[in-house]
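Same chain, two partners: subunit A is paired with subunit B first, then with subunit C.
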Partner chain A sequence: MMAIISRGFSGRRSAAVVKLPPGQYLTTDFPVLSAGPTPNVPLDNWQLTIDDGTKVLRKWDWESFRGLPNETFTVDLHCVTRWSKLGATWEGVSLDTLLAEVNTDASYAFVHSYGDYTTNLPLKDLLNQKAWIAFRFDGGELALEHGGPARLLVPHLYLWKSAKWIRRITLTHEDKPGFWEGLGYHNYGDPWREQRYWGE
Partner chain B sequence: MWHVGTVVALNDETETVRTVRLKVSNWRSHVAGQHVDVRVTASDGYSAVRSYSIASAPNSDGHLELTIERLPEGEVSPYLTQEVEVGDRLELRGPIGGWFVWRNYQTEPVQLIGGGSGIVPLMAMIRSRASAGSSAPFRLLYSVREPSAVLYRDELHTLSNRDYPVTVSYAYTRAIPQGWPRPPGHIDASLIANTTWPSNLAPICYVCGPTSFVETIAGLLTACGHGTDKIRAERFGPTGEPQ
Partner chain C sequence: MSSDNDYLDGNAAAGELSSIFATDITAAEGQCANCGATKRFAEAHVYMQTPGVVARCAACEHVLLRVVNVRHRIFLDVRGMTFLSFDTSQDRRTVQAAS
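Entry: the complex of A and B
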């Protein structure tokens, strides 16, 4: 369908040429979107687990997690609510590092957060330097409302896939929708193909 | 995917907030709390999309109202609150959202807490309850800068003075009406304790407003014993747009 021209609307195009996924606009701040209250997990009780649905494959407490080799990386973030934030610098542990000693033939990952948020994605989207568990943002500790003490970051998918307050990753053979995926949002969520909602 | 909505009425709620009433063909009715994407397109094809909460109650005749706050630095809200005229057409997609919603068959107590234009999706819930003739126990705590910034004041007054009323409490943060008993200030633990449902009634709490507001309120509610699974939040980013 041809778009309807909005009489009197000219818009505010920024002079700088930046490449954004379709339907996104640039923001320089960092909006917060979560479905419920922000959980506060004391570092003494914090755990990160990788399991296969029945048995634990790997497990870290905060100290052993922070002892893992970490990386500083700069990525663009795209939220389904249409803002994009470019060039955000983070520190975190690559999922390649976390999954290095995990032997699995699973195809999917189901991610659980403190506060009971969940999301799902193909396991391959966590591998090959595409995903991290981040604990620092912009040179400081990761704020609670942004997912601290540690959150998943999968920047090539819409940001709801980057579960805040990550607690557990379950590797499975069958895909199953997480929180937003079960509420009408797209199962995969590629911003460049504008996969916002089911049926797109 | 995109529906065409025709502007059928405009209503200035305050100096900076306008309600746009639209008639949309082939529109599936929304659920209170949902939002829509609105697309506006310039004559050279440039377009911008923003999300806005639906303010009106669900209905089957394709009408919906969006209450939009004009943000001085915004790209779309100044257009929708100042330029748009009755008869203009806008493109809409949705309704969107399945979490921050109230369905009119819900019967448990409901606590609504809104900050600023965060009242808008909560008003849709209040209107949905009224139009369905629901007697679900509703309370609203509405944090607003000053008396002149209150949205839907007369309608809220009417709905709080009828059978099965919605109990409405205000928190004025900068300026108070004459004779108001509480000095200007943000919602605090005592206001929560005095004006909202106690946690032993297990109300479902819908909290909507700017990020810092939602963070504060959710913290106060959990400190009062409300379960985190009973608190649903909708935050605006610091840009305020989209909701």
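Entry: the complex of A and C
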């Protein structure tokens, strides 16, 4: 009994207290994962578009995007490569704000990055204060290697869904797998249900 | 990390690919389906710090090959190459010498 108590109060307290999704370990740094060259888009050329696959529904340049109401939020990140980073503070525009004037009956979102990265998710996972387009991290500008100038953040799903260097969101009626979803990674990717790969 | 040096060369993918190909892929020549450049696979730009392994054309950065190694299955995508050619002359000599 004594041994159990003393073990619980010494050593790896943070690991003992913090609840992580299954199969994840805690990290305090912020590993960089990139499937390709880091795009460096000058802010003068940067655009964010929401379309329906044929026509543009909303479009912002950097100035108009930064003029939107933004929020500071603190979230936990879970990467499918098994690290979790807790309590990261970001600044960004909620997808609720970006989609507020979009009239659609689409069910899915297909996200394109600068470069060739894509990812897919149900549109409802972008709504109700669950997703942001972030442009500041930890009090500073969002570094290029972490997806700057702006990246998607959908912290309740594995981090590969949070597309870095976001460029376009296409709203569709039919789901289409993105870069990793098409090659073995789970279509939805809920870390708490450990949906890493196909069939999980 | 700079945007210029976050990839390795094709040899870095050799280990991952050795479980798929019987022949050493790094010596093979592949043609990029995007720009048509034909290069030895060893020259490809390989990104390892990802949920899979991504090899890109050294000329245009188009994806040549992707490998994902999940629990009990390996996924391979080679749509980015119009062909991959293996020089078997060395192998044949080895076989003959051994027989």
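General remarks:
Following the convention adopted for this analysis, the second predicted complex is superposed on the first by the 184 of 200 C-alpha atoms of A that agree within 3 Å, B and C clash if a C-alpha of one lies under 4 Å from a C-alpha of the other, contacts with A are read in each partner's own complex, and residues count from 1 in each chain.
FYI, a contact is a pair of C-beta atoms (placed from the backbone, for glycine too) under 8 Å apart; a residue touches a chain by one contact, two chains touch by 3 or more.
Please read all numbers here as calculations on a predicted model, not as lab measurements.
When the two complexes are overlaid on their common chain A, residue A:Thr54 makes contact with neither subunit B nor subunit C. In the superposed model, A:Arg82 makes contact with subunit B only, not with subunit C.
Contact with neither subunit B nor subunit C is seen for A:Asn45 once the two complexes are overlaid on the shared chain.
Of the two partners subunit B and subunit C, more residues of subunit A are touched by B.
In the overlay built on the shared chain, the residue A:Asn103 is in contact with neither subunit B nor subunit C.
By the touch criterion defined above, A:Asp116 lies against subunit B and subunit C together after alignment on the C-alpha atoms of chain A. Of the two partner chains placed by the overlay, subunit B and subunit C both lie in contact with A:Tyr197. Using the contact criterion defined above for the overlaid structures, shared-chain residue A:Tyr25 touches subunit B, although it does not reach subunit C. Shared-chain residue A:Trp160: touches subunit C; no touch with subunit B. With the contact threshold set out at the top, residues 31-38, 81, 116, 145, 180, 183-184, 197 of subunit A are in contact with subunit B in one structure and with subunit C in the other. Contact residues on subunit B toward subunit A in their complex (touch as defined above): 1-2, 4, 37, 39-43, 45-51, 75, 79, 83-84, 88-91, 96-100, 211, 215, 218-219, 221-222, 228-229, 231-233, 235-239, 242.
Residue ranges of subunit A in contact with subunit B, taken from their complex: 1, 3-13, 23, 25, 27, 29-39, 81-83, 115-116, 145, 179-180, 183-184, 197, 200.
Touching subunit C in their complex are the following residues of subunit A: 31-38, 40, 80-81, 116, 144-145, 160, 180, 182-185, 196-198. Of all residues in subunit C, only 1, 3, 6-7, 45, 47, 49-52, 54, 56, 61-63, 66, 68, 70-71, 73, 75, 77 touch subunit A in the complex they form.
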